[in-house]
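Some structures to go through are shown next.
Presented sequentially are two complexes of chain A, the first with chain B as partner and the second with chain C.
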Partner chain A sequence: MLEIKELGVSQPGTDAKEIIIAVSPAFGTGLKQSITDVPLEEILKELCAGIEEEGMNYRFIKVYNSTDLGIIASQGSKLAGSGICVAMQSRGTTVIHQKDMVPLDNLELFPQSPLIELDMYRTIGKNTAKYGKGENPEPVEILNDYMVPSKFLIKSTLMHFKEGGMANRDMAPIDLEVTF
Partner chain B sequence: MRQYIAGVDIGNATTETALGLIEEGQLIKCVSGINATTGIKGTNDNIKGIIKSLKDAAKKMEIEIEEIDLIRINEATPVIGDFAMETITETIITESTLIGHNPDTPGGLGLGIGETIKIEDLDKAEKDKAYIVVVPAEVDFIDAAKMINEALDNDIDIEGAILKKDDGVLVNNRINKVIPILDEVAAIDRVPIGMPCAVEVSQPGSCIEFLSNPYGIATVFGLTASETKQIVHIAKALIGNRSAVVIKTPEGEVKERRIPAGEIIIDSGKRKYTAPVDRGSREIMETVRKAKNIEDVTGTKGTNVGGMLEKVRKEMADLTEQDYNNVFIKDIMAVDTIVPKEVRGNLANEFAMEKAVGIAAMVKTEKLHMQRLADAVSAELGVKVEIGGVEGSMAVRGALTTPGTEKPLLVVDIGAGSTDACLLDRENKSRPVHLAGAGNMVTMLINAELGLDDFKLAEEIKKYPLAKVESLYHIRHEDGTAQFFEEAIDSKMFARTVVLKPTGWKPVRTKQNLEKIRAVRREAKEKVLITNIIRALEKVSRTGNITEFEHVVLVGGSSLDFELGNMVTDALTYYGIISGKANVRETEGPRNAVATGLLLSYLEEAGNGN
Partner chain C sequence: MKRSKRFEKLEQMPINKDGFSYEWEEVGLITMESRFDPKPSIKVENGVIVEMDGIKREDFDSLDKFIADYGIKVENAEKAMAMDSLEIARMLVDINVPREEITEICMSCTAAKLAEIVSHLNVVEMMMAQMKMRARKTPANQAHATNLDDNPVLIAADAAEEGARGFAEVETTCALARYAPFNAIALMIGGQAGRAGVLNQCSMEEATELELGMRGFTSYAETLSVYGTEQVLIDGGDTAYSKAFLASAYASRGIKIRYTSGTGSEVLMGDAEGKSALYLEIRCLMLTKACGVQGIQNGSINAIPLMAALPNGFRAITAENLIASMLNIEVAAGNDTAFTHSDFRRGAKLVMTMMPGTDYISSGYGGIPNLDNVFAGSNEDCDDYDDYYTLQRDMQVDGGLNPIKEETAIEVRNKAARAMQAVFEGLGLPEITDEEVEAATYAYCYKDMPARNKVEDMKAATEMMEKGTTVIDIIKILHEAGFEDVAENLMNQMKQRVIGDYLHTSAVFDENYNVISAVNDRNDYMGPGTGYRISEDRWNVLKEKFSALKPQEI
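And then the complex of A and B:
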């Protein structure tokens, strides 16, 4: 089971080992499964395992003032002690971001969420941690299927509405305690 | 009398022009032109490049091409080179002796010795025995940690673990005892169960000490002296690893096998010399030295070397429209190298650094069809075209315009396929030598030693300096200096080792760090290029003592290499030889030497009343 507790407004981290995992407004509350019905705790478990295996720490935050993955990641990376953030929307779309980058830029982007398998999330976690350590990881191979956008259009639109419904323009990012 | 004379040098890569205005036998003004060579050197395809190169120069002189009185092209020595690589050792693991595995992130710390046991059989474990737990992929890290903790609570002595998935740190963080944990063992189902096993993991940044020592392994498994002799290769394979595991199976062993790689047969005219390739480069080069004069070289049929030698021969035969049987290989060069190769019979995709020999060959024939080309250019432009002189001696004449040089002078032109040198002695006599092994061989070595499998990338690593992108606003150069930028660097470069190409940076996709890439690059240049310059000196020397020379000048495009000039200066200072890049006509740098030589030799001939 995925349990999410909000702790309070996030402050910039000082630990150089710290990776931020930033999630979208409805993550774990309004939406508990990804676009392919994978429970979000399973995705988080792999992502966190990847970061931990590389010897880095992580902190969860939730960004309420946007549903845009780039904006979420940008805010997350500025709060991370290492300057590296992995951001995720509830449907599973993921991006790795560095604090000096403009919001829509990225280190690695995984746009077609239905194609991301669980073991890929593990590798994404590992790569995120490696960027945090200043290493030079081989980018995760991105899968591409031109049928995916049309096939999942309706579902992803509905999920996006849900995210939008729970967004709040005036709220600062919140620290989360996540148990799974 | 005003005359416009052009010297045109058709090289493998560029066509260079030196256009001079001559009045009363005196050179008044001289300009240069350059264009890429079109087509293969010596064929009529070259005309386009020649005209463009001439136009470039004529524009600077502010004349039309038609006003040129005479064009002199060089007598190219047709030399082509090629190379091949032959791996001469291979490491084979028989049975399931797991060795040398070196995952990025092993867990825990220390040395653990025990009997291998499957994690699901831990409940059947005996209390007075030590165990190494083997965990397959189906068991999740949380469950694995739980099962190990339960066993530990039941006083089962667990000394280490071997995992299939990359979970070493994760398991280590969740268990109540610090044990060495090795992960990413792909063929875990082939790990023998119930066998004595040792696992060692050392601190980050340090290497294992126990299992890389033959006596350490002997201590662990209680081996006799003769058994210890057999495991030397295991210990050797583990040197430098952060983690390792050794399992003792009744029949298991690790062998280093020599692969028969054929022989090279050198015909010196008087007698034939043979050198076995698998004995390494030293023996081959020693044979080349013994043979002195090389008439032809052949290799054992069916080997890489044999195939390569025949390929070069055929290429040259096609190019010069000669009979295949009349083309002879005039020089070979061998270099030792090490290449990463997957270990046969491995359990975890282990790689061993195997010995290999890189071999370059050079063929030379009498003449390319330069006269034909000269006639074609003449017909095209309506200008008189003549063949000026041999490439090498022209290059020396051009190089002599470098301030600070004097005769005797050796010029070295390092091309892609061959290294060409020419000596001009005090009596104005020139002695050319052509050697196998040049730029392409350096690229091959870089490609192989770094395991890149990308010739183009290796070529770029060879040519340009490296840097590490440390943040979006600064990079650290290979010499350690930091450079900052106002504008953000492309995010695709972040954290990467990049090649600083003048046209844009290129990330290097390899696990090797910058220092390693740099070391490989410099070593390859040293092994091929510096060795060849010294070989050239030995060949043209009458006494065999290379300290008799005073000046060695580098010409040609490859001397534009960012570090080669300094490396040569460094190496030759040892012999008391002054060396460096040419600076033709005080303005051209190492380029345009042959073209300038063609122009100057016309002046000399005219001065002699010709």
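And then the complex of A and C:
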């Protein structure tokens, strides 16, 4: 069971070991499962375990002012003590971002969410933490299947509507307390 | 419930791996004919449009204003708008009404009016109308040439084979953006090694794409995206004006361009203003017209898995291709994105443009295996060539391609690869070995190529651009290395940019660099015996099936 409590407006972190996990507007509230119906807490569990295994800390934030993953990640990385953010839309699309990059650039991007298995989220967590430590890890292998859109593009569009419906262009990022 | 064995089998069929959805009109998740689409209207005062589709001028957004001021022929607008839409729809399929009479009317219509006109047509009528309305009489086709490793030798060989198979245009892009200059050069050299007159483009981020054109490494550009709502256009970092400026930049260097749009892109980006996909696409077409751009790539393109998930998807896509032709702009008609697991379904989609013919039936056809397609898979790939040829032969329809013998493919692929080897040597770029030339000659996909040092290649590509290398350097090298014909083809391509005739609507080149366009190859279809007819020579090419029985020899 995933529970999300909103705390207050996020402030820049000072802990150099801090990774930001940034999520999209409908994450865990409007949408509780990924595009392949995996409960979002299972994904977070793996992601967090990956970060912990590398000895780094994490803080959750929710970005309301955009549904664009690049923009979400870019705000997250600027708030992270380590300057590194892993950002996720509810459907499971994930990106690793660093604070000096332009929003649409990234360290690693995993665009085809239906192909991301749970163990991959753990590796993504580990790599995020490694970037946070100033290491330059081998990128996680990106899976690509050109038939994915033919099955999932419509569902991903509908999930994106849900994100858009819960977005608020005037809101600053919020710290979250996440329990699962 | 006890399961029916037939239903269980049906469930396993490829078609049922596709995604499907019902409509949701309120957010614009509908292909066409939404209850929330604006109703046609126009008011003109002192030569200025003061109301369009129910919106008053003071309430226009930037896109409305641009279209009203530059995208509609005002002189005739009130008269055209007063015509019955059903009557115009009937003119579209009436063999006694010439194309020009209809384009004159349509260029004075608003988006809602154009949507209303095509709403009266079923798909067969749309196809019939397309046969008459496309700008260029002779149909053509476009191919993709990419590979997952960005191997430039393989791109050159693939482009050469595509040229030999009859594609009028070839298009590449990169897996890694820093490879762009090499991919562009490879495509250019390969295309000309396959057949003189092939047009070539490298689809990249806009500034890079323009730079490649200015260096002479490409002869056209297509990846200039437009959208039908102001918000999505702005989200893409654009305004109508910025797109128009970009178009002018290309025109100033004598480079052909078309814009890209397609139904479903706005709703995919989450901002369709509650309008149907077709209505918004018509706005894109009118914006294209307003910017003075001669052509469009549409047919849903990347959003086709979405459009195909909705009822009426193919009909809306056929309509958007048709409306481009009704506005007298060149149409590169899509069929370029994998959207279904079903061969039955993708074949049906293809014939809707292949039978009537469009300026480019695909944009593009994957002349490579889909696994190597960096644009995401296409609706057709190199494994489908014989199916495609057979359809041309079955129906006596010209899909723009011609069968070739294996030895021809090997010959042109080898020539392109060797030309690349010479150019890389001449420019001091990382060596292309004989082993690579041999591999590219016979390759199926990237896995058949020896690995190149990508870091070294990308560094060299960047340095080449910094050094100011242009196509003229390449022409000199090719000439000195004994590839006089390829050098001459490239030189001819550069001359054409000075002449500028290939900037006319729907222009392609024949193998002697003669322009074939909507100006000198006007589509004059007016029923049986008119318009494009397959000549005896062309039929002899199209009906070729090398493996067919020769009855007299049995």
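Basically, the second predicted complex is superposed on the first by the 180 of 180 C-alpha atoms of A that agree within 3 Å, B and C clash if a C-alpha of one lies under 4 Å from a C-alpha of the other, contacts with A are read in each partner's own complex, and residues count from 1 in each chain.
Simple rule for what comes next: a contact is a pair of C-beta atoms (placed from the backbone, for glycine too) under 8 Å apart; a residue touches a chain by one contact, two chains touch by 3 or more.
Here the structure is a predicted model, which is why all the values come from computation and not from measurement.
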item	value
Partner chain in contact with A:Gln98 - chain B first, chain C second, else both or neither	first
First, second, both or neither for A:Thr67, with chain B first and chain C second	second
Chain B versus chain C as contact partner of A:Tyr131, first or second or both or neither	first
Touched partner set for A:Asp170, first chain B, second chain C, both or neither	neither
First, second, both or neither for A:Phe161, with chain B first and chain C second	second
First, second, both or neither for A:Asn106, with chain B first and chain C second	first
Touched partner set for A:Glu141, first chain B, second chain C, both or neither	neither
Partner chain(s) touched by A:Glu53 [first = chain B, second = chain C, both, neither]	first
Chain B versus chain C as contact partner of A:Leu153, first or second or both or neither	second
Where chain A meets both chain C and chain B, residue numbers	none
Contacting residues of chain B [partner chain A, same complex]	105, 141, 166-170, 173, 470-473, 488, 491, 494-497, 509, 511
In the complex, chain C residues that touch chain A	17-21, 27, 29, 235, 267-268, 270-271, 303, 305-306, 308-310, 337-341, 370-371, 373, 376-377
Residues of chain A defined as touching chain C within the complex	67-68, 146-147, 149-155, 157-158, 160-161, 163-164
Residues of chain A that touch chain B when the two form their complex	49, 52-55, 98, 100-102, 105-107, 122, 126, 130-131, 134-138
